[in-house]
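Would you mind keeping the following structure in view while I ask a few things?
Chain IDs A, B, C and D follow the sequence of writing; residue 1 opens each chain.
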């Protein structure tokens, strides 16, 4: 994991904006990851906008199954979670298997479940409040919508803002076939277009949320809800 | 369809904020709609925040199957679409059938596909850009996550902003059973809590987007993408 | 609706086997339906095996929204339901919209919900018990897995048998693009292969179920379950 | 892993029928698994019908991420796969996390992808052809339909037969809450009913398939498809 810190202009001030990509491929380094190729494209576009990107290839780390933020001895999730908390933009990137997101992507979401227990003592907001979410998907065919929909919804539940058009995917036509790199997905118009929409709208999201932080007091609303519930 | 226009304070100015709920129940008026009961709760909470709400019960109108914004003689979708375009907040509300969103909700999404063809001549943004989306789901059991995930993702693709925690649902436990009203869902803590999160975060979304309109020039990005694609 | 009645050999006896395809396109006749083109292919393959096929294009009929088997005046679902009950093989065929099955397909499933209330007075089996299910999907991109999974699961819940490999779909690569006919899907290897698997395995299902009818006494099992439940 | 071998009567002959449950909980032994409690119920019902059951708790074994049948040094999947191949009935059992199946369940499906490469040299059928599939799901709320639909569809694609009503799930109402054991799910009527339907219909499936093995020659159909495709 390495991170640079370029500066970006937000309302005239120079500020640092950081994007974290979690590559949820099943293949450990140094195997070629099609998902990484698409991550690199989006990260490059964000870089042109002054956003610093880093990628964590999750399967290279020993992340234990579980739903807490620390599953004990040898668990490397806590270090990844610190990276997530330090980022402004969180992009979950994944391959499709059997029409849905990879087991590694699902593992990441399960581990993020632990953040519900780390809410802010004042506002009750979860740690991912104030972050902006995106999703990247590659597969040799079919399943991207399911991956995008579930992942963005899960992230919005965890506190992230989801701007319009922050998904970028490539899939081939029906049945087995070449994947993103081999198929020349790098020159696929739809994917290139949405990669750009995504980069620009993620940046907008960060700017919007910095200019207008979400002030919702979840704790106060909880108390209000308890008063009218059984 | 009726609409009031209360005022809300945004950065010290008095402005009108409008929410439109599309009730996608299968049952025409005057049958009791559980989904409407939950809409009314969320609309009431928004009202306390100064947001004016109206509901369109889609099945009461003659909306034709199709994927354009006007399917010709007798089609009542164009009138509904005008309401959508006039709103700041768009909430699709639906019952679950067979674990997924109702056919009427799916019909609404299919008709919204037509808005992709009505992009702004300058920026290329679709008509739903600048709007804030939410989702409401009721069912006697299981399926809310699928309804929420697909619907919010579809709306984000159409241009809507999705703030955190803008879904509100009620479902009973496994198998057939009473629905929201009969089951006393009105006093269900989780649903009451998320109704409040949703109302507050939808309002935040409107304020954020008014203070920082999304400036992304989709047309320019399209041209850029074409230049690097085959 | 028209139906021929060829004969097929089952354990040496000549018997009639009937397949019903419900085309859930959004487009009424005589518009070109890509889904119909793929139905015709599978029906042709079934025909070579001695199975008679008929198609109902649902949107050409006035089928009302609802979850009963008869929604009253003007509802044309009862006539379609009779066709379903007369068939051995039921194939739901649909286009993808927004990554999921069309509203017309969802409408069909919702109407089939009504059959739960028509269980056999003796065994408690629903009317679709003893039938064999398949699914056909066309889309210009992504979403086939979601359509197939939900539709086959729903049909299995309604009583249908699902043999292996009874789905047949065609989708193009990521983003908008030509549909099945225009894209030359007729010559797509994966789709042609699975069309054959599907035809043969549907026929196997009918033969298996005729040789060994499902004898499960749902009513007796209900009583048994009640005795151990609260 | 332990396995008994009771006998069952099939067309008057005494035969052994074996069911394998893969418990895809995230929690290693000896932690309490709600999913195991529901597995035990279904296994008990199958036992009454003369079917021998064994369970593999996947997370207790070192199963590597991947999509082949053997991921090399230390991979314990090959031993599990042998159990799968020796079974007549395969039931994937799982908890729900974030509305979808657990990462361990997804991992299991990904590993089963490897069986496509082990097709019978004669018929081209995959190793799971001839097996009967079921699914068990527990969660404190919402998501069972998605888990069931995807898992049964994936298994049917891999070659399994899916009889009617071979899913059994328990979920609580909306939001966080007690799980199956604590909530007294053991006495939940719907779950107890479907557990019985499932046990009886899985057994029927085995009997049907033994009496009428699926003879489809996938290799011949592949060749036929190639002849008409580009």
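Simple rule for what comes next: contacts are C-beta pairs under 8 Å (C-beta built on N, C-alpha and C of every residue); 3 or more make two chains touch, one makes a residue touch a chain.
Quick caveat, the model's predicted, so the values are computed rather than measured.
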At the place where copies chain C and chain D touch, is the share of residue numbers found on both sides over half (same) or under half (different)?
-> same
Selected interface, A-B versus B-D, where C-beta contact pairs are more numerous = A-B
Rotation angle superposing chain B onto its copy chain C by C-alpha atoms, nearest 5 degrees | 180
Cα centre of chain B to Cα centre of chain C, whole Å, reads 31
Between chain A and chain B, tell me the centre distance in angstrom, where each centre is the average of that chain's C-alpha atoms.
-> 24
Rounded to the nearest Å, the gap between Cα centres of chain B and chain D is 38
Among all residues of chain A, those touching at least two other chains are 98-100, 145, 149-150, 153-154, 157, 188-189, 193
If each protein chain is taken as a node and each touching pair as an edge, is the resulting graph a line, ring, star, complete or other?
-> complete
Per the touch rule, the chain D residues reaching chain C in their complex are 128-129, 145, 148-150, 152-154, 156-167, 184, 187-189, 192-193, 195-197, 200-201, 204, 207-209, 211-212, 214-216, 218, 221-222, 224-226, 228-230
Would you mind writing out the residues of chain A in touch with chain D in their complex?
-> 26-27, 59, 65-67, 97-104, 106-107, 109-110, 113, 150, 153-154, 157
Per the touch rule above, chain A residues touching chain C in the complex are 98-100, 141-146, 149, 169-176, 188-191, 193-194
